[in-house]
Amino acid sequence: MTDSALRPSGRAADQLRPVSIVRGFTRHAEGSVLVSFGDTRVLCTASVEERGPAWKKDGGWVTAEYGMLPRATHDRSRREAAQGKQSGRTQEIQRLIGRSLRACVDLNALAGLTITIDCDVLQADGGTRTAAITGGYVALVDALNAMKKSGKLKKNPLFGQIAAVSVGIHNGKPVLDLDYSEDSACECDMNVVMNEAGQFIEVQGTAEGHAFRREELDQLLDLAGKGIGELIAAQNAALAG
Amino acid sequence: MTDSALRPSGRAADQLRPVSIVRGFTRHAEGSVLVSFGDTRVLCTASVEERGPAWKKDGGWVTAEYGMLPRATHDRSRREAAQGKQSGRTQEIQRLIGRSLRACVDLNALAGLTITIDCDVLQADGGTRTAAITGGYVALVDALNAMKKSGKLKKNPLFGQIAAVSVGIHNGKPVLDLDYSEDSACECDMNVVMNEAGQFIEVQGTAEGHAFRREELDQLLDLAGKGIGELIAAQNAALAG
Amino acid sequence: MTDSALRPSGRAADQLRPVSIVRGFTRHAEGSVLVSFGDTRVLCTASVEERGPAWKKDGGWVTAEYGMLPRATHDRSRREAAQGKQSGRTQEIQRLIGRSLRACVDLNALAGLTITIDCDVLQADGGTRTAAITGGYVALVDALNAMKKSGKLKKNPLFGQIAAVSVGIHNGKPVLDLDYSEDSACECDMNVVMNEAGQFIEVQGTAEGHAFRREELDQLLDLAGKGIGELIAAQNAALAG
Amino acid sequence: MTDSALRPSGRAADQLRPVSIVRGFTRHAEGSVLVSFGDTRVLCTASVEERGPAWKKDGGWVTAEYGMLPRATHDRSRREAAQGKQSGRTQEIQRLIGRSLRACVDLNALAGLTITIDCDVLQADGGTRTAAITGGYVALVDALNAMKKSGKLKKNPLFGQIAAVSVGIHNGKPVLDLDYSEDSACECDMNVVMNEAGQFIEVQGTAEGHAFRREELDQLLDLAGKGIGELIAAQNAALAG
Amino acid sequence: MTDSALRPSGRAADQLRPVSIVRGFTRHAEGSVLVSFGDTRVLCTASVEERGPAWKKDGGWVTAEYGMLPRATHDRSRREAAQGKQSGRTQEIQRLIGRSLRACVDLNALAGLTITIDCDVLQADGGTRTAAITGGYVALVDALNAMKKSGKLKKNPLFGQIAAVSVGIHNGKPVLDLDYSEDSACECDMNVVMNEAGQFIEVQGTAEGHAFRREELDQLLDLAGKGIGELIAAQNAALAG
Amino acid sequence: MTDSALRPSGRAADQLRPVSIVRGFTRHAEGSVLVSFGDTRVLCTASVEERGPAWKKDGGWVTAEYGMLPRATHDRSRREAAQGKQSGRTQEIQRLIGRSLRACVDLNALAGLTITIDCDVLQADGGTRTAAITGGYVALVDALNAMKKSGKLKKNPLFGQIAAVSVGIHNGKPVLDLDYSEDSACECDMNVVMNEAGQFIEVQGTAEGHAFRREELDQLLDLAGKGIGELIAAQNAALAG
């Protein structure tokens, strides 16, 4: 059985979906990026507010919020604003995005500022959180550059570059960047956030029912490293554009 | 003073902003339309669920939900899902959209079905509710056609066509289709929903501080009629496309 | 068919229900009015608090809250406080009342003060929001007079008088001041708020299923004007009493 | 020092405020009573719904809800529906009213029915919960009689009569039926619910700071018994009227 | 029939369950007490915060919060944090605990401090609120002593000692300290809070269906006095330990 | 520098804190375990309800809820029930516990049953979620055994054994089972859930600011494997006891 036979999309095991990163997608936000991983499309905006976080004496803050339009998915999901609360899944994802992006920023250099990265899924086909982190990084860079240009930032608070991808075991074989049809049928999946030096920021692997062996874990991390290298290149191409 | 001098955009008093109606903007929903009135962009999806409304014995239902991405606006607004409730403004708007769309549908012919029109504002520049109604109608038509094609609908429940536009008095003069800079400075504004026969579905006029005279009201309604005629033509062009 | 045959109450098409405006209905509020439009009875109190609105640097504020006692209606409705939220209908109505009353007040002259008009429906028979606006105006005047007497207001912030009434098409004919039996069966209905000069503050017309023509709209506005003239006379009589 | 010197109102220590019980105050509810204990005025409605309680297999249910109009009090209190929840005080009071009224009803005889007693305070001057219980009883009787008349009840579920009053120690002396000026300054207060045989349904006594001795408790219970006897007579007079 | 025949536990009518008061049960709180009344076990912690209450200009505050672990009871109850609100019962109980403990403290001497008594039921077998008050008092004393030792308190704010017990009529006979099997079948029950001088702080007696006579009330209060005397001795023994 | 110098507790880098697993800690739950990892103490109860999950046609369900008593921590945290919602952290943890425990259970064999594992932290000193998973497993086994004994389960749904531990890099060196003083100062930390075969169920590693290299990740996973082997032995000893 060839690789392409294994994946519904015909992709090779170590092949990303087509990636697109469109900057300036909307006009009000300091950074506004539409990121696509195949059919997954997430609008990431970076909003700068001139106030530090209330619960913290010094330094600034970077935080994230995540949402999914009700019909981003195959079946309509209920609107969280109408439900009156964010689901546990939403909170878990937005906490992950926020932690990941803070890992490449010197918060002291942001003193007096709060940057909120809003990640809203317009269309979902698996991997929304990894697309959000990858696109959110670009929106954050655009917002930081805007602040440098306007003189609100003395020094560059950015000290690294991050991107994220999912990996998992599908049909018994490790694969990169799962789409929805793979994700819903996979035996275990892992979201990995890495920096441009190939170091880990976040590793979140989950098995329900089928536990994974150490060598499988190693293979998954190798795949993630390859994918993230390509995503970092895509970010750089977009930022150079 | 010429017309164009009166409006920040240079438009004539009776001139709509450029209108764009893109069908099939996302792939999961039965109807998915990105509508633009100038810089105002609203994603309208129509989702069909095979259940009648719980509170109603017979017939189906058409309802609407409205949301604004946090950074659709000039300053970031707080995410309603995180706030734990929808604002009064949001509820008022989604009730208006739902009532308006129900006014062109035979609910009995929809028996056993609920159609939800989700209107999510990606970018706001005034007139989001009228854009939502105008685009929502097209999404609704696409969803009804999809159901007819799949045999879930025996007869066509649609018995009219509707569109909506705002009008207001700006710098002392009635103008059509207010953008944000006009809206925030206008003396009174009115949202008008009409059908293809030029009859009224909804009229909502508001004055804060400056009341409007009967002849001003008449002029505003004339302007609205003109604009809605053009919007109905734009809907038909999109549906024919 | 005569007029009286058309209306369950036997009223003429342009006839208001008996109006009663009782001032000083309760003793704590600066203004306290029990207003009746026929069997619709609303208790309107105006409460003055010596604080400006938090979100506004200058000037004072006038706002409104609306509630319905659970058994004000034919069937008991659920208590909103127990539900944990106000319905969309409630919010829409209280926003309308607040906007309407602000339209006759100079907010700058109210600097440092917030006036809340609470409108609580003791018994409902159609037209609760228009009764609330009409009675709320009288409560507001009483509160402003109390503040002038106590020296808290230097100049009179009131620059107009407002009242409200509903109109609609019932059995194919325009009628004034719909009661519940008419309201629940009418083809379209409109709430109109006007000032003492016959100018419009708010016009909110709605058709579900049956759209209304321009000449019908004109007739409805004529009826509203006549009714509001009589309501303004009733307010003046009550205030003179 | 004479009794009348002790009480701001000039009442004797064992004297109730003027009591008024008006039946049929609003028209929709099966029972509707406006009860006044002096300046305290509470609208009590009894609403019958033809459904048993969901959480109970057999028999019917009697429950109560309590609310205070925002400006029933000297200073405006925030509307609980707008706050999004009922306060602990509100819940405590409505639980007390419900338990008290269930103590005189055979719930098995109410099978298939739920009666809700809504007690809404129009004006508060101390003793709102005891007025609510006393007036709620009359509304309940009216609703039960209406059901008997309409044939929905085979046998009378009522097996007793109840009323309630507050007592407390004010200026070192036990007094009956505290008004607000006494209540806010009293050393301990007690709400007592009794039946027509002088037996206790509820006794809730509270001391903050100043504990009360057994002989004081005995005096308070004697006063309560006297007052409740008079309230039961007032209920009977109203029901006979 | 002997006493022991009357009670499922074989206890005499005036016999408490075995009482245990363990200080220092957890290590972070200024006071931490595990109190057991038979199989009822409540963890009471006293937490000192160096802030006065926001709503009160002078003096400090003592407040209480109450919770029940979901499986403290025979059947699992739903977690209030997951439900999104505290039940009426929970609020009623925590208000009672707070009022009772404030009755033995000079709040002025606590200026600038707030003490929160958290009472969490690990295992429930009737009488959780009375155990909470009795154990909460000991936790409060430990916290006050810790503050005196650290110099945060100049003078001792404690001016009395309190404890609480339940009494009720079971099988027609007054009994002390009801366990769950008695509580769920009793004809009336009463929670009594008293101080070391035998004076009353709170008396809360409830009858559902079966009203209680004055002589029964007297017997119940006598039983409560006896039990509270023993509980106060147990508190003193624990504090001396 | 020796290992013991590196850790505030003096433990070796690969040394667990003393582990204690007490079964039958409370009496109502089908499984009730007090687990201690050093000063971290979590009460884990397993509650069986005879209903399948509403959202799932076949099979049973295992879920978890997590809570922290307000004063389990050094400073008092606000009670989530009083706040009206569970924090994102709480939801993230209870989702992790539930997923982990479902990974060793055949849900089909649980048809018609729901088991809820409540994990309530009585005292916190780091590692509450890993203690909860380790103790929750034992409570789950006790509940499954109780159901087998009572005949409610035909076959054993358990097909594996799981435990969890945290690892992290502290003072530049990988260490096992972080206590609070290490956790709050560590450069990265990872929670690992494994089964008795040394396979992974969950891996959640986080770096804020300091990313970790692949060889560090490998060392952390080795440490986790060693610790989980010892925890599985401790579970077995407790279950044999």
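To keep things simple, chains are lettered A, B, C, D, E and F as they appear, and every chain counts its residues starting from 1.
In this text, contacts are C-beta pairs under 8 Å (C-beta built on N, C-alpha and C of every residue); 3 or more make two chains touch, one makes a residue touch a chain.
The UniProt protein names, listed by chain, are A, B, C, D, E, F = Ribonuclease PH.
This one's a predicted model, so the numbers in the text were calculated from it and none came from an experiment.
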Next item on the list: Provide the labels of all chains in contact with subunit B (Ribonuclease PH) and in contact with subunit F (Ribonuclease PH).
Entry: A
Item checked: Graph separation of subunit A (Ribonuclease PH) and subunit D (Ribonuclease PH) (steps between touching chains) -> 3
Notebook entry, point to check: Over half of the interface residue numbers used by both subunit B (Ribonuclease PH) and subunit C (Ribonuclease PH), so same, or under half, so different?
Noted result: same
Note to self: On a CA-centroid basis, which chain has its centre farthest from subunit F (Ribonuclease PH)'s?
What the structure shows: C
Notebook entry, point to check: Counting only C-alpha atoms to place each centre, which chain is farthest from subunit A (Ribonuclease PH)?
Noted result: D
Notebook entry, point to check: At what distance in angstrom does the C-alpha mean of subunit D (Ribonuclease PH) lie from that of subunit B (Ribonuclease PH)?
Noted result: 51
Next item on the list: Let me have the rounded angstrom distance from the C-alpha centre of subunit C (Ribonuclease PH) over to the C-alpha centre of subunit F (Ribonuclease PH), please.
Entry: 59
Next item on the list: Could you please state the distance in Å, as a whole number, between where the Cα atoms of subunit D (Ribonuclease PH) are centred and where those of subunit E (Ribonuclease PH) are centred?
Entry: 28
Check: In angstrom, rounded to a whole number, how far apart do the mean CA points of subunit E (Ribonuclease PH) and subunit F (Ribonuclease PH) lie?
Finding: 33
Notebook entry, point to check: Which positions in subunit E (Ribonuclease PH) touch two or more other chains at once?
Noted result: 84-85
Margin query: Testing understanding: with touching defined as stated, what is the shape of the graph linking the protein chains, line, ring, star, complete or other?
Written below: ring
Next item on the list: Going by the contact rule at the top, pick out the subunit F (Ribonuclease PH) residues touching subunit A (Ribonuclease PH) in the complex.
Entry: 85, 88-89, 91-92, 94-95, 99, 102-103, 160, 190, 194-195, 197-209, 211-214, 217, 221
Notebook entry, point to check: Any idea which subunit C (Ribonuclease PH) residues touch subunit D (Ribonuclease PH) in the complex?
Noted result: 26-29, 32, 39, 41, 43, 45, 47, 49, 65, 67, 69-74, 76, 79-86, 90, 116, 118, 120, 122-123
